[in-house]
Amino acid sequence: MPTYVVRARAETLIPGRRQRLAEQITEAHQRVTGAPRAFVQVVVEDLRGRDHFVDGRAAASGSVWVHGHVPAGWDEPTLAALAKGVREAVVATTGVVEDLVWVYLSEIPPERMIEATVPAVP
Amino acid sequence: MPTYVVRARAETLIPGRRQRLAEQITEAHQRVTGAPRAFVQVVVEDLRGRDHFVDGRAAASGSVWVHGHVPAGWDEPTLAALAKGVREAVVATTGVVEDLVWVYLSEIPPERMIEATVPAVP
Amino acid sequence: MPTYVVRARAETLIPGRRQRLAEQITEAHQRVTGAPRAFVQVVVEDLRGRDHFVDGRAAASGSVWVHGHVPAGWDEPTLAALAKGVREAVVATTGVVEDLVWVYLSEIPPERMIEATVPAVP
C-alpha cells in the first residue's frame, strides 16, 4: 500500500543494488509496521549531478533521498522507527554513509489509496 | 489546480495514449468535483523495469501509478469517486486491467497552491 | 530540511540556469522562513512536451512546476510568502512569465524528515 520513491545518482544505485535496496526497504516496512509486504511499491529515479542541489550548490554525489508515501494512522514512534529502518536499508545496500541519506514520510489516508491487487511478477 | 503524476513503463503508455489519458483524467476530475478543467495538470514519467518493484521483486510490467495532488476540501465520497474515476481513465485508455492500477490522492490546502493562469497551448 | 522538486522542459531550464534557480529558491526559503539554507535541497526533473498536459492538451512549453515539501509548522502568511518567493525565483532565473509558474507546498511533520547532515560539496 505504501510507495517509496528513491532518488540518487546512477553511480550510487548501480543496477545490481536496486533490487536489493527495494527488498530491504520492503523488509523494513514489514518489520516496523507489521503490514504485509505484498503491496509495498518502490520506484527508483536517477538524479544527475547537474540537477541536484543542497544549500544552493551541487549536492554531494552519494546523496540518496527516499520519499515514502504511507497510509496514515501509525503512531509517531512507529513512523520514527520506519524512517530509521529505511535509512538503514539505504546504508546497508549502497554503502553510502548515514549522513548522506534523506528520508521523508508523507501520510495519505488509506481510503484515498487504491492499490493494485496483482502487484508483482509471480 | 490539481496535478496528477502518472508513472508507467513506456510500452504501457505509448505516445498516442498519453494525451488521451490526460484528457480522460481531466474529464474525470471535472465530472466528479465540478471544478473547471482548465487548471488540471497531468505529468507523465517513464518507469523502467529495473526501477520498479512491488513486494521486493520486479513489478508487473503493465502497472500504472497515478499520484494526484488535489486541493483540500472535498468530502470523502467525492475523493473516493475521484480515485475510482482516475482508475477508470487509466483502464479505458491503456487497456491495463484494474488490478494493476494504483491511485493515491494527496491533499494540499488551496492557499498553498499557486497555479499558472495561462496554462495550455491555445 | 525542505526539498523543492522543479519540473520543466529542458529548453526552459538550460544547464546554466539550474544552479542559479536552486540558489534563488534556497535564498527565498531562508529569507522567508529564517531557516538555515544548509539543508535546502533542490531537485530538477526534465519534462518532455509529450508528457505534460493542462486542460487535457499540451501544456504551454515554458511552464514550470515547483513542488516543495517543507516541514510543517509555519503559519499561513509565511507559507503564502514562501510560495510567492519561490515563484519570483523561477521568474528571475528563467525569464518565464509569472502566469506560467505553478508552486505547491506540501507539509511534512519535521519528526518524519531525516535529512543528510553533510549535504553539500564543500
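A, B and C label the chains in the order they appear, each numbered from 1.
What we mean here is this: a contact is a pair of C-beta atoms (placed from the backbone, for glycine too) under 8 Å apart; a residue touches a chain by one contact, two chains touch by 3 or more.
Model, not experiment: these values are computed from the prediction.
Student: How much rotation, in degrees rounded to the nearest 5, is required to superimpose chain A onto chain B on the basis of Cα coordinates?
Tutor: 120
Student: Are the interface residues of chain B and chain C largely the same numbers on each copy, more than half shared, or largely different?
Tutor: Here the answer is different, because the shared fraction of interface numbers falls below one half.
Student: So the centre of each chain is just the mean of its C-alpha atoms; given that, what is the distance between chain B and chain C in Å?
Tutor: Using C-alpha averages as centres, the distance is 21 Å.
Student: Two or more other chains touching the same residue: where does that happen in chain B?
Tutor: In chain B, the residues touching two or more other chains are 45, 106.
Student: Looking at the complex, which residues from chain B come into contact with chain C?
Tutor: Result: residues 3, 15, 18-19, 22-23, 26-27, 37-45, 69, 106, 108, 111-121 of chain B touch chain C.
Student: So in the complex, which bits of chain A are touching chain C?
Tutor: 7, 45, 47, 50-61, 63, 65, 67, 76, 79-80, 83-84, 87, 97, 99-106
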